[in-house]
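Labels for the chains are A, B, C and D, by order of writing; each one numbers its residues from 1.
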């Protein structure tokens, strides 16, 4: 991956200035709440180079406000600690040197308590700054910082899940936290109702952000493009369907796979989605509630792009392009099974009409490589590194997941990961061409 | 890259059946001629996993005809050697097991002489087969085999260049071969005339192959898309311009680079294009004529996508999309400085009007990830692995190079390599948006 | 290295049975005390595969008593946690599967508090067991467990130092603990008095453990061997002398190095002992008191065997064999600057007569590969894996260090590490042949 | 390994000066003869970093005479090619830079014919030099060069075997050469007569070279040591016995293995000696005659130290130390199944009385790490790098193999390889302690 990001520049207007203070407080509080109840030990571990320790996330999001707001706009601001500039710089070359990413897990200090003091220091300085009144540029940066912190809230959870999954004790995140538990699906083996194909006409359409709300710079500029008629499945692919793929030898049939995908699957001995384990006759999966039976009717998750692509080929379908996805999703409700639901996992579709589960549940891999929109220009300065420099070798995902903070994602939102990534809550929705009868 | 390919399916008509025999003979002869005069030793070396020994190329192209034509369409055909099915299978999973690619250079046997006997065996069987008359399907496969062999002719040369470049003796390919020498540019330090910007209007256009000639399946289907007005440089970026980029610190300024590109450039200590070396005050580069002074006016070559992208950013420009390139190139002459010129290197532009050097000289990196065209479907059977399974993680290049066999490339031709690849003859042409005054 | 060991079999008599209880309690308490004051975060980090997290050491030493004493000799003993058998098995194949060593740092659970409960559980069970009276075999195992735990006490400190040294904040272990601080050398730049050569005659001598006290099985059997007359330096090589080696280009002169050492030093860019850093005109070194000026008169430490060997060659000397060392040391006082001194670092020699600093300060690399003594036989059962299986590819060190628990080392004690290891407190003492005038 | 060596300094007298010319000619001719009949392609391949291409061996041995004799002792000598000083320097840091060892196989040039011209050039210069009369120092260097070339003769064959074994065609070296074929053992499944134990008394003995003949510096100085009574097996372990070890699960029982050996065997999936393959119910092994049935009565070969050690432990025995081996072998006949026999493989023992097969058949792993003898001092100058710098991490082997040139090995001869090496013709002979009844 290449994330700890949001997106460089708020091209749309930021939220109203008078709301920034309360929103800042609420967002910052949520981050801290996600770590509440965790042992200090849980917050140190880095289980792979792509993941980061919880306390690193908590510190880095504070660093973001410190570096890009307070140091830029608050004369006389004194950083909390001289070394933090380097320790918690994720990837901003323009800011200066950075602690190597794969070595974040070697840092026992600053300890969690010190990180929380760092957060409090930054929070206090930010509120003081806001009281004196932030100008337009500062407000835009604060908005960016909020969105950025939301992205890291999701990463806190996905990275913890990955770390816990390495532990033979299979710890449960939930038990350790104050988060309420959601009702769980009752039976693991109940299949979902079949997905329906929903058709969309072709022609010239426009995608990309428009209007007054916030958007990352990679959602801009809004632009027109030409699509052909297509159909989308009414809901994401389910665990039950994925199990059929496994049973049909899907992980052993090279003709279903991209070459790089096949090589990856061989090298890493993939036999099922990440976190799935076979016990006797049933599939179980590691979740934030520990090891749980796989729920057939729920969307399949923790799939790489390669698996998503292979599954689609197996079904005689394909993945949608991001343009198709966005055009189809336009106007759909922005609410869904996101972080606030407390489920912390994808849930079965309700089965009503139309496209379901567009927002929340699982990020949906699209067939679109992550590339700049026509006319794209990154912001100037260090925050210009937010999105643009990652526009190579990654694939776009759409829609948000059960771990995405409420209200964070939108239909124009472009998430992106390397095609081999599996530790995010990633699934797929099928698409197909409309062919004349 | 992942090439030793052509493309699976001839969707357009193949060449006329009665021409196949002579074309086959000529193409096969050219392959052998490229290896003439080489020491047997030169034909064994594999200098990196992505490259292959000359004799492997010579054997694999024969294997292609043997496997996909003779074994498929010639009842009773007996393979030359039972083990060759595995030894010279490049990547066709449907054909069966294959010798690991990184270990091709461990095979001293079959020796060159045995490979030439293999070629003669296949050639004789193919001519016999043609005399009896090939049906439409077989003719299409033969056409594919011819195009495939042409692709390997270019790879023979690029792989040899890479191998020779590892040798402190800096051997010259040319001296060893029967190929005539082309006139060389007279002065290394004469700069090219500045490139001009040539404008193209926006709107709906169509790209992809059409008409009766051969095309690889990745050039299909022809389809419409929407482009915005744009400008292309009249010629590729030159070595002199690239030297300015170096002098301006281009290889040390992260703000110019994609994140993956910067990481690659750091890890591999890139300071200049591949094969460039600084001696005293001048740049030299390893070529098929050995180490030679860099010619300022000639197109820069042996650049990765990352370097091409960084150079464009440095110039305040960008790379063209493949659609822009193809729409602009439509109608341009298909001839250029290709293999038949004997130059074996990019030559300075002549400086006439219009777009120059579209075909030949250097493959031009585009901003387009290699992806299927809307409605793309690979051929069925093993040859379906020709193109489609590589449509991930690679970038499209257009135009052909000084090492591309004459007549092989077309304006709809899609070449593709991983963005870090530098051993192909790859350069770039600048593009930019048209903005209202 | 391959240590978390002591040595399988107490061939000598174990300590008196009635003393085992109090010694056990004291030893276990010291381990806990070493971790007191550390943040929980400090106890999770694994900074390289060869090192282990503090809490892993604390758990593993409990596992040792649980597995090799309680499960073996206490009928009906119930293990604290079913999974711990695997999680805290270091390398005993006969016990069963083990959690992969390089992944010890991925385990946030059991948290420190749970590990301390594990320790308490085992301690209580052990004391109960002792009250009922341990037989001879059990007593020998308990003795082994005590010695084993002492070895891990040293590893706790060396592993923490390594972890802290990776942290740009350069934390101090001392500040966090209840350990008293020792007086520090007053001036960093005061050189030690020159070492004197002390001669020893040749002939047949005997080395190896004898007598009633405990010894690891690798110290047995005591045996005779023939040595030639030799001389040993009166004290270990100092930091000041090591700095001269650096100034004389020692790290850049291949003729001084073993081939494997030179390759290692090149690959890892060694320019000074581990933990040394140059600031302006002075050397500093990371210690358990944080970054400190290098003390010229103190023994050089954190040297690999390769560096020790190269230094000796530079001085026209050599390393002693372990037989020479032991024969010379016989009868020397067993006390020295060990853990109980509270210095936590090597201190300057006092400069009195005779061999100084044999025990404590720094482990001294010998020229002897770690190999079995003639007639060596490991213990039977799983504890037979304690020493014998590591007798290849490692070098013997003698004497103990400033981090070795008091009373743990003896003149027959054989420590061993891979020749490239530098994170232990390892230095050298010069030796030379006696040649006739 | 770390060989391309012989040993730096002829401490004994070299052969008589007037014999040097004819011996030089004969030795150089044998090297060329070993490559006769090979395809040029066979001489280029480097199948692993530890092995070298045939033509590299042929060039390097010439470089040795050129660098250490002609350039040192022949005023006005002009090297054959300026770049060869670097290309064919194996590891002599004092001579200057060297082409990286793992990249020897990337050099197609100089081609074999050019290498043969290089050899002829050096041979002519050497004979001219000898005609004018070589002084004592030069004669000693020539002697060293001869011994060095003999070492490379064995390496030519072992490296070719390794390369051929990577090729699914399993080529035969023999068919390509002028070497006569030896009579082959008649039945693969005939077991050898049981080995007998032969006893040797303990006490002070002397090992190391003495007398007028040549010896490498690592055989010096001759010195006394103390050994305990021991027994040696009358012959090396056979293939049939090794097959029993396999059948008894030897490769799956960690308790038989050294820790490093077990890790290596797991990582590399060892299930049998190198080059062994199971077909149906029988073992076959790759040899210089291609794939052949394993001969039960012949010595087992291509074993690592780890396997040799594990086998010995399985049999309740151990490996001999090099001192035991040498003391036992003293006075034994120096002839055996060496290169001149033409067998090119170990042959069954004849079964007569006494120690058999000490010289030839298989190099025998000893329990002795390769270390300097007491008082050892390498030669001065670049040839001082011949032996001494490798005295770490390797194990001593004794006796010579079926590929060792006749007359090359002696009872004092110390061969050495890393314990994981298997591509040399290496086996073992059992030893055991004598215990009082």
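Observations on the structure shown:
Rule of thumb we're sticking to: a residue touches a chain if its C-beta (ideal position, glycine included) is under 8 Å from a C-beta of that chain, and two chains touch if they have at least 3 such contacts.
Since the model is a prediction, treat every value here as computed from it, not as a measurement.
Greatest centre-to-centre distance from subunit B is found for C, with centres as Cα means. Averaging Cα coordinates per chain places subunit B and subunit D 46 Å apart.
Here the CA centre of subunit B is 59 Å from the CA centre of subunit C. Averaged Cα coordinates give subunit A a centre that lies 38 Å from the centre of subunit B. In terms of which chains touch, the assembly is arranged as a closed ring, every chain touching its two neighbours and no others. Taken together, the chains touch in the following pairs: A-B, A-C, B-D, C-D. Put simply, subunit B touches subunit A in their complex at residues 2, 91, 93-94, 204, 223-226, 228, 254-255, 257-262, 305-306, 309, 367-369, 371-372, 374-375, 384-385, 389-393, 419, 433.
Residues 39-45, 47, 55, 83, 86-87, 99, 103, 105-113, 163-164, 166-169, 171 of subunit C touch subunit A in their complex.
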